[in-house]
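There are two complexes below, and they share chain A, which is joined by chain B in the first and by chain C in the second.
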Partner chain A sequence: MKIPLSRVIFTSIFAILFFIGPFMPRYILFLINEILLWSIFAMAYDLSFGYAGMLSFGHGVFFGLGNYGAAILVKDLRMNLFIAILFGVILATIAGFGIGYITRARGTRGPQFAILTFIITVTAYLVSLTLSWITGGIDGISFATPTVHLGMWELSLSSWLVRYYFSLVAFIASFLILCRVKNSPFGIVLLAIRENEERARFAGYNTTKYAILAFAISALFAGFAGAIYGLEYGYANPTFFQVNISLNAILWSYFGGSGTLFGPIVGTVILLPIVDYISKHWAYYWIAVGALLIIVVIKFPSGIMGHLQELVHPSGEGRKEIA
Partner chain B sequence: MLKVENLSKHFGGVRALQNINLEVRNGELRGIMGPNGSGKSTFVNLITGYLTPTSGRIFFKGEDITTFPPEARVQRGIGRIFQITNIFPNLSVYDNIWIAVQSKNKKRSNFFINRNKLKDVESNVEEILELIGLSHKAYEIAKNCSYGEQRLIEIGIIMGLDPELLLLDEPTAGLSEKERNSVVKLIKDLARSKTIVLIEHAMDVMFSLAEFVTVFHEGKIIAEGIPKEIASNEEVQKIYLGEI
Partner chain C sequence: MIEQLILGAINGIVWGLIIALIAIGFNLIFGLLNIKNLAHGEFFMLGAITTTILIRPLGDLFFWPSLIIVPMIFFGLAYPIERFLFRPISNSLNATLIVSIGLSYILQQVGLYIFGGIGTRIEFPIGGYINIAGFSYPIYRLFVAFLSSIMLILLWLFLYRTGFGLLIRASRRNKELAMSMGIPATTVCAFTFCLGISFAALSGILSMSIMPIHYLMGADAFIPALIAVIVGGLGNLGGSLLAAIIVGEVEGIGAVFFSPTEARILSLLLLIGVLLFRPTGLFGGIRK
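The block that comes next holds the complex of A and B.
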């Protein structure tokens, strides 16, 4: 049996990431850690955006709920770390399911859907500021990073190396699961919905059900990223509810190639360090991010992975394996 | 197979269809013709669930499907080909057919198996690609195919859905002579195993395919019969000539 090239590449990358950990300087560990966590978010985002064709500005809500859900359990209730993550993920999934349901079941599509998610995320941000007794208001809440109990080991997430491995495992798990979902019978129905929802219905699919489920799965992993992010850095903050979290994900997905398996990761790997660098040297770095987004959307509509596919297989042959 | 009783559809004050009674028998190739605006397409839209009727009822294999959503009708065996080509533009020809074939599979909404493991779907897709003559373009992106080829993809999608009742809404519209012939041939092949309702404006296509023809005019049925009878029907001639 032929092993797909992409599988060889990714296994090698995972292996390298596992081994280089202890030899990396702190800044690089930090940077890879950020890339890993935000890649989870970008992959999750693209299930909704690139696959099911639902442009959401509201994914910050899911990241934020995961973030706060986990943080509150660890800080106030001194709960186990894994239970805390589970709680954050459940909160985000319920929200995703709910928002998916109230929008899609009523036939909300396209621009109307985007606007609704925008309103929801703005509302969630403002509410989170008001509920300062839970959220800590504009400063958010901070707490001592918890400890991972693994058998005889106690690994504190205050160590950069522990954070790094924790994120790596979370990333690989999310990556494998989301690849499975995107390559599944369910996954291709999402592409059908993105391409032509009416035709998909006339091919016998209850598209509303598929779209809501896709949105909920997307929210689940967005919440997962938020939960881990909060626990590793020991804080939760209302800024995560804001729309720019979604804008980042759009930028990464689009640049890497939305609607492809690896596009969102490629986009995050390339753009996150660049934006991080600019933000260190220029206070108005959002201008750069905005300009970048405009250039990418106009110049690279199918993203790096999309262009790569066209370069390697001009007639589209082999898309079955890659996309 | 298909039975409609007193079917009416009004758009505001416009009566697109008025009290249509019609029965299509199992295995029949029924033609529906009529000038533009006679209610043919409205009729198809009502049968497939794209529109809901103002009054009247629709039965499919004895079941009242009047209020069913489109996907439920497809699952019960009603398929359609659209008047305007209606495919998945940015997916490969292969995936276009795949989506249709997969919809009959029990695992169609499974989100945790690799879809390439559905070997029966795979072989069915390859079979259909062979039949519509697009095997060599399997991995071409659908929107890059010619108009005629896109029409064939559409027919391939229908084959993949494998409906018992098939509604064809002007399947040869806008095609070249050569493409038209290959579509007519495919319809003849399909007619061997399926019940077909063919909506067609072109009289030559209609008379070469249909066994029994119903003529619509201004939302009503004005004539029914075998092609020969219809061709010599004075009222039908008047309508068609009057249009020219």
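The block that comes next holds the complex of A and C.
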């Protein structure tokens, strides 16, 4: 039996990440933690953008809903951590279904879909600022980070090491599930929709249903990332409802190679520390993000993984998966 | 109550005409170049900010020349954007969307850099109030409605009654055919892009004393304009004018009963209703 190279690489990276945790300084732990959480988000984003070809500016809504759903349950109702995460994820998934249904049900697709998600997100941000009795207005809400009860252990999420392992487990789970989704026949149909929706429909697939489902799954994992982010850092904030978040995800997945399994992760790993560094030294760092986005889209459209694949399959087997 | 409704309706028309300037510029660009320029709202913001900065040292009277000068500045600034950002990727809709959103963030930060984060408001350039239905209504707002209508009529005359307008309409209908007839379609496209941008800047100048001037004000006007574009049908110029007035009325009359944010949600609900029952917009999609 031949084991794919990528599987070996990823298993060893996970193993290394598991063992180096206790030996890392706090800043590195923080950085890896951020990368892990935002990678979940980027992978989720790329299911809708890279696979189904639905350019969405609305994933901030899902991240924010997961964030607030979990935070409110933990803060006001003192619920169990896992119930809180589940609640946030359910909220985000329902929103994903709703927005997917409204925007796709009557055959809206392509760029009109993108504009609709843009309108919905900007309005959702306004609404979240107005509902300050829930969302805490522009300051958001903050609370004491909860404790994880695992059998006999009680681990407080206020420790960086616990946060790190918590994110790592969440990341590996999401990664495996999303890989499974993307490599399944369902994922192949999504690729077909991206390439040519008419043809996929002629082949007998109900493309609307597939697209809405893909969007909802994408929303589910975006909400998952948001819920964990909120619980680990102990705050929820309306800024997560903004378009910025989707913009980051577009940049990361485009840079790494959108429509590939590992592209979004590679993009996050490389760009998140760079942008983090720029943001510390330059108040107008969004100019850098916007400029990077424009340069990547115009000059470097297939991304790192896309170029690697062209090296591996120079015959032009398209963007077939490496895994 | 009746008076307030009338007031809301008049405000709605003024607001509707302001966003119609943005929506029609957006639609003009979309119909000809197939670019959905999400940075359009930032030119609205930059138009207002540039004028405010020019007025500060030069005095209030400078408002009047700036109505002509500032849109011309943006007409010139828009050209390199079209030439170097949008033209290389004009065949991919998703790429132009992403580039335009990246551009909108850059322009927003430029606005923040030159203007600072604190919003201001300026006095009405035309003082004085007129008595409408028992209310004293600022004359300046009526002037805004008047000037916007004039600009829209001029645009219509330009598109449908001049030779250059004919070139624009021909390239809009079929670019390859127009080029084979010897029409310089690339230049026509660039011109139209700049024209659309300068309309957005003009709309920003007109709404300076109506809404707070702030580096994030672009979205406040651009979102209703986008709603109008989709409600009226993408690419349909007349449709987006009518839809802009409908959206303006929804927000104007809605503001009598609700808060501005709730009025915005109302127009979003209008959009969702239109999408579910008439997915191509109230007045049909692109009409070439």
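The rule we apply is simple: the second predicted complex is superposed on the first by the 316 of 323 C-alpha atoms of A that agree within 3 Å, B and C clash if a C-alpha of one lies under 4 Å from a C-alpha of the other, contacts with A are read in each partner's own complex, and residues count from 1 in each chain.
Going forward, a residue touches a chain if its C-beta (ideal position, glycine included) is under 8 Å from a C-beta of that chain, and two chains touch if they have at least 3 such contacts.
Because the structure is predicted, anything quoted here is derived from the model rather than measured.
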Next on the checklist: Let me test your reading of the model: by the given contact rule, A:Asn183 touches which partner, first (chain B), second (chain C), both or neither?
Outcome noted: first
Next on the checklist: Per the contact definition in the header, classify A:Thr207: touching chain B only (first), chain C only (second), both, or neither.
Outcome noted: first
Next on the checklist: One more residue to check, A:Trp133. First (chain B), second (chain C), both or neither?
Outcome noted: neither
Next on the checklist: Looking at A:Phe19 after the superposition, I want to know if it touches chain B, chain C, both of them or none. Which is it: first, second, both, neither?
Outcome noted: neither
Next on the checklist: According to the stated criteria, A:Trp153 is in contact with first (chain B), second (chain C), both, or neither; which is it?
Outcome noted: neither
Next on the checklist: Output check: A:Tyr284 vs chain B and chain C. Expected answer is one of first, second, both, neither. What do you get?
Outcome noted: second
Item to check | Footprint overlap on chain A, comparing chain B with chain C | outcome: none
Checklist entry - Of all residues in chain B, which touch chain A in the complex? => result 48, 69-71, 74-75, 79-80, 82, 86-92, 94-95, 98-100, 102-105, 107-116, 118, 139-141, 144, 157, 160-161
Item to check | Residue ranges of chain C in contact with chain A within the complex | outcome: 36, 38, 85, 88-89, 93-95, 97-99, 101-106, 108-110, 112-113, 219, 223, 226-227, 229-230, 234, 259, 261-262, 264-265, 268, 271-272, 275-276, 279
Checklist entry - Can you list the chain A residues touching chain B in their complex? => result 180-181, 183-189, 191-192, 195-196, 198-207, 209-210, 213, 217, 313, 315-320
Checklist entry - Considering the complex alone, what residue numbers of chain A touch chain C? => result 53, 55, 57, 102-103, 105-108, 110-112, 114-116, 118-120, 122-123, 126-127, 129-130, 243-244, 247, 250, 254, 284, 286-287, 289-294, 297-298, 301
